[in-house]
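The two complexes that follow have subunit A in common; it is paired with subunit B in the first and with subunit C in the second.
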Partner chain A sequence: MTTGKFLVRRILQGVVVIWGVVTIMFALRAVSPGDPANLMLAEGASEELIQQVRMEEGLNQPVYVQYLDYVQGMVLGDFGYSWRSNREVEAMVIERIPATVELAVAATIVAIAISIPLGVISATRRNEPADYGATLFSLLGISTPNFWLGLMLILVLGVWAGVFPTGRRPVGLAEAIGTLLQYGYAGDLLTWLKYITLPAITLGTYFTALITRLTRSGMVDELGKPYVTASRAKGLPSVLVRYKHVLRNTMIPIITVLGLQLGTLMGGAVITETVFNWPGLGLRLIDALRIRDWPLMQGIVVFIAIAFVSINIFVDAIYASLDPRVGEE
Partner chain B sequence: MISDRVRSNLKTTFTESLLPKVGLLLLVAIVVMAVFAPMLATHDPTRTGYYAEEGAPYPPQGFDYTTQISQEGELQEVTIQSSGEHLLGTNTAGQDVYSRFVYGARVSLLVGFTATVLALLVGVPVGLVAGYYGGRVDDVLMRIADTMLAFPALVLALALIGVFGESPILVPDPFVLAGLADGMPESIPIPGTVTIVAALVIWVWFARVARGEAISIRSEGYVKAARSFGASNGRILAGHVLPNSLTPIIVLATIQIAVIILLEASLAYLGFSGTTLSWGYEIERGQDVLRTRPWVATIPGIGIVLAVISVNLLGDWFRDALDPNIEGEAR
Partner chain C sequence: MCSKRDNGNMPHGINRLDRRAFIKSGVAAGTLATVAGCLGEDPEDEEEFVITLSQFPDTIDPLDHITGDYFDVYDHIYEPLFDFEPGEGIFPRVVEDWEAQGDGTTELSLRDDVVFHNGDDLTAEDVAWTINRTIDPEFGVPSPIGTFGLGSITGAEALDETTVSVQYSASAGLAQFEFGNYARAIDKQWAIDNHDAENDAITGADPEDFNGTGPYEVVDFTSGEEIVLERFDDYWGDEPPFERVVFNADNESSGRVASLETDETDLTINILPEDVDTVENTDGIEIRNVTSFRTIFCPMKNTVAPFDSQEFRQAMNYAVDNEGIVETVLSGFGEPRGQPVSPGINGFNDDIEPYAQDVGQAESLVEESGYGGAEIELQAPQGRYLNDAQVAEQVADQIDQLENVSCDVNIGDFGIVSDANQAGVDPDEFEIPFYMIGWGVITGDTDYGVQGFFTIPDNPNRTFDDEELSDAILESQQIDDPDERREQLEEVNRIAHEKAPFVYLHTQESIYGIREEIQWEPREDETVYIWGMEN
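So, the complex of A and B:
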């Protein structure tokens, strides 16, 4: 199978997965108790008004008609209206994407900046104090619930040391860059940086720990291979061998695992956003869950699924171009 | 099955390295804490209003502690008195933090263990069948698995809680029923829906690993031999494929217990668990009083970290000793 065919197949599989998510969401909504009319209307609304709302939402129609309407809407990019705020779901999703992407990217940067050097040091100085330190750190990192870590960071660095602010962030990245470009004022950007630091560490710690472990074990495996001995024997400096050849070969499996872990990153973002009151998609999902605003919930979940599937296909594409054997399942 | 080689590998790894010992010790300590909770707890973990009854103005802690509390719009310095009665203080509802810490281990371990067993029962057969038969069956089952991976656990949890309710399962306490621990609750609630959700979230990983094993085992010589003797597919699956894929499944199961403990804590923290006797829920309660009573959120977090570390260390030990290729260290 060629790489092209492999990708087409992956995309078709992705479409099936998204259809599955859409269907499960519909099924969950259909069996969930509670009348949406109650959410949309003030308490004590008349029976006529409730019936009118049910009619408008198509809730009096047979389930299969509702399902077809719903799938059709999704395909056309119409996710409906939030039951609570009566705004378009697409707009409510899109306005929250930047904050979540900022957080996810910042967390990934934190994770990669710390974990790769740590993993390399750990692998090249096996059973030395640095290795033990890195092992202990990564063990703690994968074992600490991120909401608790976030609270402890707020307590120690925010409340006690007073280094970082703890409230809701006053400014987003786009705005901060805007003021910098327009007025040459960098203060907003600094504020943004201060507010994103603790959430990024909170969300990034698990991944830092995970990548450190993967880098270490991958490097240890690679370092034992004949080509390393051969390059050293040829007189290549060990730094060059380590970073140019060994680390590069180690990165391939790491990229795949990271792709698979994106769902975890999104789950982590939901909780991190809740702890820090971060105005992203995750916080909106939790708010929607709490009041059972189904159209909004569905919109966010389907969006997350689309993002998850696309990024994994993207990762597969990179992987397939790095390693031609991938397509030949 | 567990071969002699595997057993000797486990032993060598255990004696050579410190971490498996630490992990085993921690796990034993936590299991003892969970099992003997009614003996180790000093107070009924569910009873509220302890400090108010004892006439203390503020919930006490194990040591004197000065903090600022807002009173009538003004910040005032107050000293929180230590209390020998409540070693780790009391929480916002006036419950004993130490006793709730001890009982929290029971809930965490019971949910972790039950959900893992449920996920094994679903995931392993699905994976073995998919891998063994291949083709259309495999395609369908693996797309279902992919869909589950793309689905946030939280949404599943809330929707199922909406349908089935919180369905707490009351687990009776044998010690209290036998009259060995007076004044402790006769049963503790385990969040039933959350246990099901956890199993639904992680069975996929078992299915994937079992599938991979089945694919490699189905072309082994002994499977072909069994087939040539006329053994049925069911017999080959149960008699050859399952026993030979057990090792990586056991390693995965160990790691997944840690994953579930974290998931249960997260759901409880977000208020979607339905049980109030849980480390995660306790942390949520402590969040509001983080500035004035930091111990309320801190103590249960330590419980989660220790429980998860112990299970992870054990998982690492098994993996190092058995060295299967396991994908997915999902959280």
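So, the complex of A and C:
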């Protein structure tokens, strides 16, 4: 199979996955208790008004007709209107993407900045206190639920120490950079940094622990290979061997995992955003769940599914271009 | 007064960080400390007031939802036509004077110096159009508010530029409670311009999409995050106390409290009893609370067994220890109740005591009813009212402890409860006859707390079928004399106590956290008015 055919197959599989998500979401809406017309209206709305809303929203149609309308809308990019705000779901999803992407990228940066050096130190000082410390950190990082970690960070660094704010996002990164460039004012950027620090640490901790482990095990494997011995025999400084040769080879699987984990971070952000009141897609999803705003819920879940599938296909494409054997398997 | 909150909006001034906040942030982000020179204090901070709600109003239409958090924001932008003082009645505001004509109409005289934020003059036509829109689903831009809030209002008509005639089907006294509380003015032309025909709603998400006559106008709106108001220069009335007011929201009580503790907000609503100590133990902030107009109860639909027996329904009331529940589950933030409405509501009956727990009497009444051995289930929401799920579990457990009744509790989504409450009394149309719900009597009149539940004609959504109770309410709706009407409403509450259509639980308290230097008393009707504050 050629790389092209491999990618077409992956894209088709992705479409099936997204269709599955769309269908499951519709089914959940159909079987969930409560009349959607009641949910859209205030308590005590008249029967006349409820019937009018049912008719306008097509809720009096058979379920299969509603399903076909729904799928057709999705295909045409029409996700409908939020039941609560009466705004287009697409707009409500799109406006929240920057916050979630900022958080996911910041968490990734935190993870890389901490985990790579920690993994290298751990691998090069095996069975020493630094290695034990890094291993313990990894274990704690993987085992700690991020909602608990977030609450502890808020309590200790937000409320007790007063160093960081406890939540929200008063300014976006793009806006802060724009202000810096236009007015030469860095306060907004500092504000952004201050507000994103705790959520990024919270979301990135699991990721940090995971990459630390991967880095350590990859480095340990590479350090035992003959080319390392040969490099040292040639008289190359050990720092150069570790960081230029060994770490570079170790990074290949790590970068793959990084790409795949970005999709996971989008999902993980739901909890972190809720804990920190960070106005991204995750928080909007929770808000929609609370008030059972089904069109908005569906729009967000489908968007996350599309993002997840797209990132996976993108990583597969890079992989396939780098290693043609992937397409042949 | 200001919160130490950062504001990232450059156009509103480089005033985000004061020195203290900067020092703190420098510890956290020392590498960026070189930019500190850009930062400094700004006296305008003293004029900003931040309120953290539990729900963010994600619509520009002030009449889209009956939700307290929404009104907390919208009333500053769109403003009520009357000032309503709980327990006292209505007072002039945009409406300067009003007079019942004795023919089922009341004429409202509007001020002639009121303008909308977009510069349009307020006219009687705007007010009439707004009222008609809320009571008539066919009117083009429907609003769900009218059904209950303006239940007796049948129409409105502009007589001249500043006079509106309001028509109603009940007494002038009842109509006054309704339009006095719910009437707002929307700019008719603006509403039509912003009407999204496809979605049949008034939509928009830009600051200029908001257009009221209130003392504040919207200068920044970020959907789901923040709405920023500034004083409206052409406001007809007194200047409100803060130049700038910011509303944001956090669904979690603990999150709202953390914002208060860290100076990020100045006032937050709906604090849970378990978070009260945290606020009280923090310097500079304090708890303020008031018994609200919101009563919590469990309707029992009397068209199915065993709830068709008055003895059985009374037994359920005697089985529950309301006082104990208030003390333990609500930490004292409530008052046991034995009638549908709270003190301060017109028609509240002072002579009615809550049912006191008496297990022996409850078991006797169950036997008397002939439903010994009955198995029932209580449906309840979670997160809607103050510790609602825990309250429901206690209620069900106490009923279950009766020798001759078995009771389970089912905690679920509020939508299930809402559906049950809407489903009417036809046994073929509902599955849940026993559920827990809360009702805020925000008009300040008993009618709002009883007519939707108990009146029979033209009310398919009622929860109780009883001619005597229904007739008593209908009779009250036709009494013009205020004293006579109040007495009739007290009689309605007496009948409602005796017939026990609900397991009466409590009136919950509204709990707020606020900077201690702010002078403000919370209101029974759960509204937060900036103009009622002093710094």
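In the analysis below, the second predicted complex is superposed on the first by the 313 of 329 C-alpha atoms of A that agree within 3 Å, B and C clash if a C-alpha of one lies under 4 Å from a C-alpha of the other, contacts with A are read in each partner's own complex, and residues count from 1 in each chain.
Everything that follows uses one rule, which is that a contact is a pair of C-beta atoms (placed from the backbone, for glycine too) under 8 Å apart; a residue touches a chain by one contact, two chains touch by 3 or more.
Not measured: the values here are computed from a predicted model.
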item	value
Which superposed partner A:D188 touches (first subunit B, second subunit C, both, neither)	second
Contacts of A:V15 with subunit B and subunit C, given as first, second, both or neither	neither
Subunit B versus subunit C as contact partner of A:P33, first or second or both or neither	both
Contacts of A:I154 with subunit B and subunit C, given as first, second, both or neither	both
Contact breadth on subunit A, by residue count: subunit C or subunit B	C
Touched partner set for A:A176, first subunit B, second subunit C, both or neither	second
First (subunit B), second (subunit C), both or neither touched by A:A230	neither
Touched partner set for A:V63, first subunit B, second subunit C, both or neither	neither
First, second, both or neither for A:E95, with subunit B first and subunit C second	second
Which superposed partner A:R292 touches (first subunit B, second subunit C, both, neither)	both
Residues of subunit A contacting subunit B in one complex and subunit C in the other	32-34, 151, 154, 159, 274-275, 286, 290, 292
Residues of subunit C that touch subunit A when the two form their complex	5-10, 14, 16-17, 24-25, 27-29, 32, 35, 38-39, 55-56, 58-59, 61, 64-67, 137, 142, 144-145, 147-148, 196, 199-203, 205, 222-226, 248, 250-252, 254-255, 258-259, 261-262, 264, 383, 412-413, 415-416, 418-419, 421-422, 452, 460-461
Contacting residues of subunit A [partner subunit C, same complex]	32-35, 38-39, 41-50, 52, 56, 81-82, 84-87, 91-92, 95-96, 151, 154, 157-159, 162-172, 175-176, 179, 182-195, 197, 274-275, 277, 279, 283-284, 286-287, 290-292
Complex contact set, residues of subunit B against subunit A	19, 143-144, 146-147, 149-156, 158-160, 162-163, 258, 262, 265-266, 269-272, 280, 283, 286-287, 290-291, 294, 297-298, 301, 304-305, 308-309, 312-313, 327-331
Complex interface listing, subunit A residues touching subunit B	13, 16-18, 20-21, 24-25, 28-29, 31-34, 135, 139-140, 142-145, 147-148, 151-152, 154-155, 159, 206, 210, 257, 260-261, 263-264, 266-268, 270-271, 274-275, 285-286, 289-290, 292, 297, 301, 304-305, 308-309
